[in-house]
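One chain, chain A, links the two complexes that follow: it is found with chain B in the first and with chain C in the second.
Up next is the complex of A and B:
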């Protein structure tokens, strides 16, 4: 009985494991193969001729603008995540310590993050266009920071809410102002929560597509996802080598972040604190 | 207003000015007809009447709903499976958790390109396999049915990690003693799953359904890259349809399409939140 049960469990687990791993990896492996093969026509005939040409071109030829896209994406994503953090931290502190009914506010904020971006896109576009800001970093940084507020507030709120209240309460009793409590007590203590929020907001902004497609025109501000989506060969052919290689290069910053912060991300999102 | 509310003011001002006002602006735009070089004139409710008479809109609406139902149900199954796997302990679990997270963290455009390289007629791995085994090539992205399935599979790949994470949170909240007690009472593995695991992670499954449904309704980048809305417009979701109309310069009608998508998402999320609150007293 116990043995057969363990056997069933082991069978389900291992077949599930094999399925999950191969389903996750196969598309990535196929992209790697395409990006490393000089000629996809030959690859599908089973003749794999390895070359690093696609990667070299992307990183060295300025006319492909891929390095511009990477620079733009990193600037936009770090700026918007920082801006969003400065907005979310005071709000989270307020909701956790000074507000009577934080869940109601949190849920209304959450509903906002569920809206379809296209439903607010055109008035925003007209607003930024009237200020002459299209094809600069500004519209993307501002828009992403707004759309990151729900995620950031949820994460930072739950972190601040898990901190013991005695410290800040006694500081208040001793006559410190709420701003001083936030700056000198809450802020230093909630660094891990803020780090997790920053990472996730960075990933969100780095990956966003619709606003980036609308608010950018060329390599001056175009971000990586738009660059990859609009890649076209000089002669109208689909440049599979460049597309797959650029996709894989753009995954590298995300990959490093996920590997470094895997435990923070999981515990932040599952609300498990940062212990485990 | 109390002085402390100033802490909330910056974020609320940002949300109000850059999210709610533009949303209201889309409603406003949808009341007008825009003609290039001539300007706009108030024509409410004509843009909305046009929606019902527009076969392309109806087709796009149907695709959006089909895609949402299909992909969310597939994602629940695979997310549950993946969640159970990354919850149980085995050597290398940390690495596996990182690996499983990867599709969720990479840009949607990249995952669309990855699946395009799988489904592509000439260079795709799938046709490489069917060709070498069966001597047969399938135009995966060129037929309405296979294109719908392809989009759903690509979405499944991208979002299974998210569902799995929520399920993992649910599984971590179940006290281990419950299982021990059930084992002592002689409940088998399937019975324990059905009578302990499923009911206790029920609220988490509902949360996953809510998030995934509203997210699937607004799908954009995946189809923009993978199928470009084709073949024959059969995989054009509402947000892509609105985008195309905007590009054509018809701001009024495009806004009416955007408003209808907004109202659908709002209704669906309210219904789902209502159900979850009623069934689980869950907020």
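Up next is the complex of A and C:
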């Protein structure tokens, strides 16, 4: 009785796991297969011809501009994550240590971040167009930085808030000014929280589509998601090989960032709750 | 005069708790080189008082002077760094990302001192506290006692005018606490450093203080030398707070006999001067216990060199403390005499 009960439990658990894993992995396997196939209709026609042509073309032929897209994405994502971090850290410090009612501010920031991005797209477009900045990095960097502030502030605030107040107080008595407390004590101690926020903001900016579509015109500033969506085949067909190969390549910078900072991301995300 | 507070009040306002009066007009003078202890239960305002001296809180009203210089008052407020005070925190507050050397050097770096002089001063103070072998360690690698020494070293390295200590021993185990207490006292004496020490532990207060102030609910209940306060407590709160085990305090309504008022406690009759209810206080060590009588011994706590005897007679209960061996047993009947007792109005 007990054995069969355990067996049923195990069966349900395993089938659930298999379903979830398949659900997640099948599209990726499908992408890998398509990117390595010379023929996009491999399932219908059943002829899979292994080739690295898609990858080679993407990385070598300048007319596809894929390397430009990758470069643009990395520049825009790094710059906006850095700018956002520069704004979030002092804001979080101020909210955590000096503001009387930080919860109200944090919630208003959160509510603002819930507005659909499209609501601000047209005014922003007109604004940047009037400054002649369309098809440059500037509108993307500014927009992404601002959109990442709520996420960054929440993360860094909760991290800084978990640091004992006596450290600040001790530094103040030791002769540090408020700015020096931030620079010498808070900043070094909130590194995990900051790195975590940086990575998440980098990923957000790297993957963003709507603003990138609106604010860019050509490969001069176009980022990867838009570049992939706008790939055109020779005779108007959808170039599945390029699309899947470029999607897989574009995961690499994010993967590297996440792997490099994995430890910090976990401690950054749990820092607020678990720190003594 | 090394530190002085004149009519210092502090009011905190919060949405949840409303208006809380943490300090209700504190007047206090601490002399040069004195070891002054502020004793009180939690919530009595003693830490707020220390924070006001350090400059971590602004007083709502009143004036604060350190070495004769006004550091807080009408239109004046000096930042903590400008006051030449140092503070040792309850949880040490060592900077976890810095080495012991970095921690001790921090106040000097903030002063903009040159590196050579910083190193010389750090070594000097590390030697004084016996932690020179720990200079390259991080706080996480240190034991509680070592952390405490580093925290004290960091406080002393600036050669402050006033040293503030906020329950610095409460995180240490009992044996280490006794050792550190002795070291702190020795160090303070040898350096002649004016120290204000906050604690809720009356034993610490009694053994360390040149003078002490007992605080309750934002006010100083009594101030003076420890033995003076022990011998002449001003009210039941101070009487109950100073002394271990605490004084036996009971409220009694006097009975009248032949025009005189008497109260009775454990069969001892005490004459009082009026008919209103009074508080009678007897310290456990002032109760003499003898065999025979009508008081029941309900429990005996043998502590080695001394014993606490729990006594009961009808509704009267008390604890007596006797030194040496105790040959009484539980359930035995005894009688008592008071070597000294106190009468309080409140």
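As a working rule, the second predicted complex is superposed on the first by the 242 of 276 C-alpha atoms of A that agree within 3 Å, B and C clash if a C-alpha of one lies under 4 Å from a C-alpha of the other, contacts with A are read in each partner's own complex, and residues count from 1 in each chain.
In the analysis below, contacts are C-beta pairs under 8 Å (C-beta built on N, C-alpha and C of every residue); 3 or more make two chains touch, one makes a residue touch a chain.
This is a predicted model, so every value here is computed, not measured.
Superposition model on chain A: chain B and chain C are shown accommodated side by side without a clash.
When the two structures are aligned on the shared chain, A:247 is found in touch with chain B, with no touch to chain C. Using the contact criterion defined above for the overlaid structures, shared-chain residue A:31 touches chain B, although it does not reach chain C.
In the superposition on chain A, A:172 contacts chain C only, with no contact to chain B. Of the two partner chains placed by the overlay, only chain B lies in contact with A:149; chain C stays clear of it.
Number of chain A residues touched is higher for B, counting chain B against chain C.
In the overlay built on the shared chain, the residue A:180 is in contact with chain C alone; chain B does not reach it. If you stand at the C-alpha centre of chain A, chain B and chain C are 100 degrees apart, rounded to the nearest 10. Look at A:122: by the touch rule set out above, it reaches chain B but stays clear of chain C. Of the two partner chains placed around the shared chain by superposition, chain B is the only one that A:262 touches, whereas chain C remains out of contact.
Legend: residue contacts after superposition of the two complexes on their common chain; A:188 is shown touching chain C, with no touch to chain B. Here chain B and chain C sit at a least CA-CA distance of 14 Å once the structures share a frame through chain A. Judged by the document's definition of touching, no chain A residue lies at the interface with chain B and also at the interface with chain C.
Residue ranges on chain A touching chain C, taken from their complex, read 164, 166-167, 169-177, 180, 184-185, 188-189. Considering their complex, residues 4-5, 7-8, 10-12, 14-15, 18-19, 21-23, 25-26, 28-29, 78, 81-82, 84-85, 88, 90, 94, 96-103, 105-115, 117-118, 120, 122-123, 125, 127-128, 131, 157, 165-166, 168-169, 172, 188-189, 211, 214-215, 217-218, 220-221, 224-225, 238-239, 242-243, 246, 251, 254-255, 258-259, 261-262, 265-266, 269, 283 of chain B touch chain A.
By the touch criterion stated above, chain A contacts chain B in their complex at residues 5, 8-9, 13, 16-17, 19-21, 23-28, 30-31, 34, 40-41, 43-44, 86-88, 90-91, 93-95, 98-99, 103, 105, 107, 109, 111-112, 114-124, 126-127, 142-143, 145-147, 149, 153, 178, 182, 203, 206-207, 209-210, 213, 224-226, 228-229, 240, 243-244, 247, 250-251, 254-255, 257-259, 262-263, 265-266, 269-272. Residue ranges on chain C touching chain A, taken from their complex, read 51, 54-56, 79-81, 85-87, 89-91, 93, 95-97, 106-107, 110-111, 154, 158, 164.
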